[in-house]
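Two complexes come next, and they have one chain in common, chain A, joined by chain B in the first and chain C in the second.
After this line comes the complex of A and B, so read on.
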């Protein structure tokens, strides 16, 4: 499994190069990768279906207890097969959809990166590595949505998706760490057995809130649903793959994965049922308000995701079974529909439902795929969607205090699904039309084969539910429930209440379809509500955030060097005075005063040089004098160093002073006239600050000298510098040998500073340039 | 700044400065000195040169290598060509500058290259330890002794890196500031 992930990443970054070599045939290796992983997973399937969970560990950061731990059980296998199987078709489809696009290589890079990240996410056996793959999917989704980066809407949609899912990702990280703390392990397989510990723990509630935030943002649940329809700015293969079949289901996967760990409590159940239910209704309602094919599909996806979350929330055995079945069915028919919508868009140049009619003649195979997918979505008899719908109804009708509400939610969404299925599967293609929409190019095999394969898979699964699907889904449901399950999928359940309800759904759905024009005409009336909706709140908060950041930056980074230095020194003084005030030792001055009598003559002379120089500096009105006086002070300091026996430091100080003066002289005539730009009182403020700083440093040094220096460092370096460091100059041996890493850091800083100076002085911005 | 005395003096002083800076660099291990101080001394020589002659002159004099050459003739053997190139660039440089067929190619040593070389040497001296399975920055010393330089070892290499980096940084700052 590790190799599969690694191969994915390698191939992803090789994609642009492959495109240069292979041209339009680049899709072949890109599709072969998911295909081979798919086959590899199929070889593992018998073991998993036999009830053995497979694990694999690669050391990553063992000291942090974070390992690349892979874990394959029924649930992971279901998702992994979905990702790779669908991935293969999408890779082929994308090759046809973006044929001749100059950035196709980059597109494959992003898409493969996403696929690998998603695969890693579902195979991860450690919740920290799960989180890392989770974030990778967010990032690759951002890149994919923003693929058409020359368009403003693409960019803003991509950013929106990244911000919303990234925010959720942050919450998720905190939540997962809390869960790890509560369960005292980050390994998934161990965590799965400690559910009762986690749910009893004091950290359970905060962890739950944070994790749900992560899952809801990813799976576009209300009130974070708004990013998903905007994400349709991405090329259609991306919408089909990420935003209907895989990535948005990552949130659902996470909820399903953590059901044994965190599920079963009232908080879990009610939150999921409430949010899921609201999302289901909202998505279904909004789907009827649009005419853009992809927007309709996006909203029905939101609705379906809501239904999946609701099912997870109910948490009973039939509900979780219904969840996995519906998940698979939804991926199959919704993916097909997205691909069909992409075909139609590609061939006719429009996605407007009202302008598309009678395409069955010109796009025969696409039309067949759409019809098959539509029948599955509507829940008609021999299709897999029918089984899903039946199970959902059965699950909601179980004995529970909310059964009628839950049923109403699923019934309503079912009705809208039927209407949408008829509108797209039948209305666009097969309805008799006076004049069919003209095509810009005929249907291409690379574009119609993937949806046909997907849609017929839905039919095959429906006709032969017992063949491979039942054991797989049973294991998937087991992974959530934690106990052995026996359930058989069957197409025909006999004449019962659920069948009647199914028929009623179809009938009412047809009615909704007939009146869809009427429904559309209400769309404008909701504008008032949209203004208060979360999408608008997002815009407002983003604007407010940017404005606030601008203000804070302008206040803190005002561009005056003196205010930065003043801030640093003030903070320094404040911190030291505070700590000295609280528990610092007191200074005993009385017996220290005698030391003044030991003052040597040279020291007095140097003092007499420095103090008048300083006073002169304040009064100076010429830059040249200031520089010269600064030089005097600096050289006097160097003499002090010599007096106290530090020749290395003294030499450095002397040279640096020389350089400073010389460089000042070099640029002297380029500087503006030397003027006092600040008011006199302003200047005294800085004088006071310097005095305070000097006084504080003196005080600190006096206190330090008050105590005997009890350190073995000096002795150690003195002894070892010649024996170990082979040098008699201790200072230098420390610099280049004992503490060479520090020196390395310092010289790196020096080099970076030189580059920074270059950037500041050379790349001067023109007025009006953007920073 | 045109002062004749300094301008003449600095041309004589530069070699002394550089020799002294290198001496300080190698002396550093046993006596006051070292890469940082040596680098500063070396840089000051160039800074004074820039001050009196201008940055362009400094670059032309010290940081540019002129290579002379001409394209290889089709029937000329490769080794003969290489020999002639060497001769052109080593023994007969002065004459070749005015030769009509010979083209001039300049390699300009940017201060940033000096910085990069210094950083590479300093970091590379630490990698030696890694190669032999010791921690990063582990010191290795040779057994013999070279006059003036002293015992060669990886810390000396590190110090040379510091020396080059300091020269590069000061030169870069000086050039950038005085060029505008």
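After this line comes the complex of A and C, so read on.
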């Protein structure tokens, strides 16, 4: 299983190259991969159908308890066969559908990537690796929806799908981690046996909410359904594969997979039944409001997904059996319909139901596929869809407080399904028309063979339900129930209530079909409701997020140097004040006041030089004066260093100060005079900030000076400068001997500054350079 | 003196920060220089102030005898002063080039690269 996944990823990234080599034949290797995996899975099937679950472990991140753990039971096998079998057909179909497209290689890359990720998702035996594959399907779905990236709608739909499913993915990750914590394992097979522990755990409810969020976004359940119809911007093979048969069923798969772990509680049941029921009705209702083939199919898909979720929510043995049967039936007929819609679109250039008539003559094989799929979707004898519908009705009619509501939901959607099946399977192709819709090109084998195969599979499964399908579906249902089941599929159940209801559905569905034009005319009246719908909420929140992010960025990163500095200083002051306030020492000044008496005359003179100089600096409006004043302050400092035993520092300070003044005068003599550039109110703010900063620094030094300085460095250097460094000036010895490497670094800094200065002086603006 | 100097340092810090917060590039540089001076003094005062005795070993001695000034802050200061000078020189040349190229010394005229356009 590991090899299958690995081969998938390798082939995916080889696809663009293969396209360059093989041209239009690129579909051959691309289709061979899913086909060989399909056959490989079939060889594993007997063991699984015999009741043995297969496992396989590859070490990945053992320290995190995350392993590439694969797990194959009935449920996984059902999905895996669906993915690879359908995948084979889609690969061929895509080769015909996008023939000659310059980016076909890239398309195959995305599609194969998706297929592999989806396969990994259903085969994952560790919930963390399940999540990683889950995210991979979201990403590849994003790439596939946005395949026609030159169109604005494609891009926004792709982004929408990614944001909605990505959001769900995040919730899912948190939920799975919580489940892992509750069950104390991330391994699926162990988790499946600890359901009673997980449901009793305190983390159960948050985990449930998060996981349901993930499943509902992926499977387009209300109120997250809106991304799926928009995702139809993708090329039709993608819509058929991802957005009807496989990816959107990942949410259903997750729910089914976790039924033994999390299911059975009231919260689980009621939420699934409620959300699933609402989605079923809503999808069916909206399907009647559109004329675009793909939109209609998308909404019926939403409805079908809702029904699957509802069935999972009911959770009884008949309901789960009905769920797997309906899932397979739906994948077969809905996939066919999407492919048929793609053919029609490809050949006629339109998908508008009202403009398509009488195509059975010109598109014979596509028409046959559509008819077969339509009969399966309508639930007619002897198709597989019939079995599915019967089982769903049976399951909903079981003894439960909600039986009539559940039945009404499934009946309503069944009715609409019949109407849609007639409209597409019959209306587009077989209804007599004065003038058939003209074709731009005749039907092609690569395009009509896959739907014909899919549709006939539905017929074969219906006629021979005992062969392979029953044991497979039985094991799948068992995987959800956790106990052995006796489970027989039969086409004919005899004359009973359910058969009568089936017939009633078909009859009423035909009525709906007859009145579909009138239903369409109501579409405009719903516009007001759409405006309040979740799709609009999505747009609003997206806009809100963007505007909010822009505002915050503009406020924080406003381009004004002084506000950055002010922010830094304010934070600095706040942190220091906070830590001093909390458990800092108290300042004791009273017993230090006598130090003032030791003040000497020349020290006072220095103070008297610096402070007036500062005042003068602020008053001055001339550059030259302020440079001179700066010089005075610098020289006073140098004198001060001399007074306190630092002749080297003083000498350096004198030199540097002189140099600075010289450079200033040389370079800056051409600049304009000072102006006050800022408003008075702004200046007051900064005056306050500056004063606070200065006061804080004063306070910090006073506090520090309260304690004796305990430095062994002074004694060490005093003893060893001459003995080890052979120098009498201790400071010099430190710089050139003890800490020579630091001095080298300092020289490097100076050199870099010099290079920078040289570069700036040499720099000349080129013509056309924007200042 | 140990009691007076902290206040002097506070005044220097206040003045320099106020200059740095100006819109005028030239005042910003003055502020930077003053800030450097204040920091140096801060470092120096944090170490012990010793009147008279410099950190030099006498001609007829092999080890330094008290009282002598702590050499460690002095060594740090020397480095700081020199590096500070490098920054000052760079900033001074930068302001000149900016004025030559843009014809302004107002920092608010030089913030376009750091702003994002607000969509309305």
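The working rule: the second predicted complex is superposed on the first by the 559 of 771 C-alpha atoms of A that agree within 3 Å, B and C clash if a C-alpha of one lies under 4 Å from a C-alpha of the other, contacts with A are read in each partner's own complex, and residues count from 1 in each chain.
In this text, a contact is a pair of C-beta atoms (placed from the backbone, for glycine too) under 8 Å apart; a residue touches a chain by one contact, two chains touch by 3 or more.
No experiment lies behind these values; they were computed from the predicted model shown.
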item: Chain B versus chain C as contact partner of A:492, first or second or both or neither; value: neither
item: Which of chain B and chain C A:713 touches, first, second, both or neither; value: second
item: Contacts of A:726 with chain B and chain C, given as first, second, both or neither; value: first
item: Contacts of A:515 with chain B and chain C, given as first, second, both or neither; value: neither
item: First (chain B), second (chain C), both or neither touched by A:667; value: both
item: Partner chain(s) touched by A:702 [first = chain B, second = chain C, both, neither]; value: second
item: Touched partner set for A:550, first chain B, second chain C, both or neither; value: second
item: Chain B versus chain C as contact partner of A:744, first or second or both or neither; value: first
item: Which superposed partner A:736 touches (first chain B, second chain C, both, neither); value: first
item: Chain B versus chain C, judged by how many residues of chain A each one touches; value: C
item: Chain B and chain C footprints on chain A, overlapping residues; value: 647-648, 652, 656, 659, 663, 667, 670, 728-729, 731, 735, 743, 750, 753-754, 757, 761
item: Sites on chain B touched by chain A in the complex; value: 1, 28-37, 40-41, 43-44, 47-48, 50-51, 111-112, 115-116, 118-119, 122-123, 126, 136-137, 139, 141, 151, 153, 155-156, 158-159, 161-162, 165-166, 168-170, 172-174, 176-178, 180
item: Contact set on chain A toward chain C in their complex; value: 546-547, 550-551, 553-554, 557-562, 565-566, 569, 589, 592-593, 595-596, 598-600, 603, 607, 610-611, 614, 617-618, 623, 626, 630, 633-634, 637, 640-641, 643-649, 652-653, 656, 659-660, 663-664, 667-668, 670-672, 674-675, 677-678, 686-687, 689-691, 693-695, 697-699, 701-702, 704-705, 709, 711, 713-714, 717-719, 721-723, 728-731, 734-735, 739, 742-743, 746, 749-750, 752-754, 756-757, 760-761, 763, 765, 771
item: Contacting residues of chain C [partner chain A, same complex]; value: 1-15, 17-18, 20-24, 26-28, 30, 33-34, 37-38, 40-42, 44-59, 61-64, 68-72, 74-75, 77-79, 81-90, 92-97, 99, 101-102, 105-108, 111-116, 118-119
item: Complex contact set, residues of chain A against chain B; value: 647-648, 651-652, 655-656, 658-659, 662-663, 665-667, 670, 724-729, 731-733, 735-737, 740-741, 743-744, 747-748, 750-751, 753-755, 757-758, 761-762
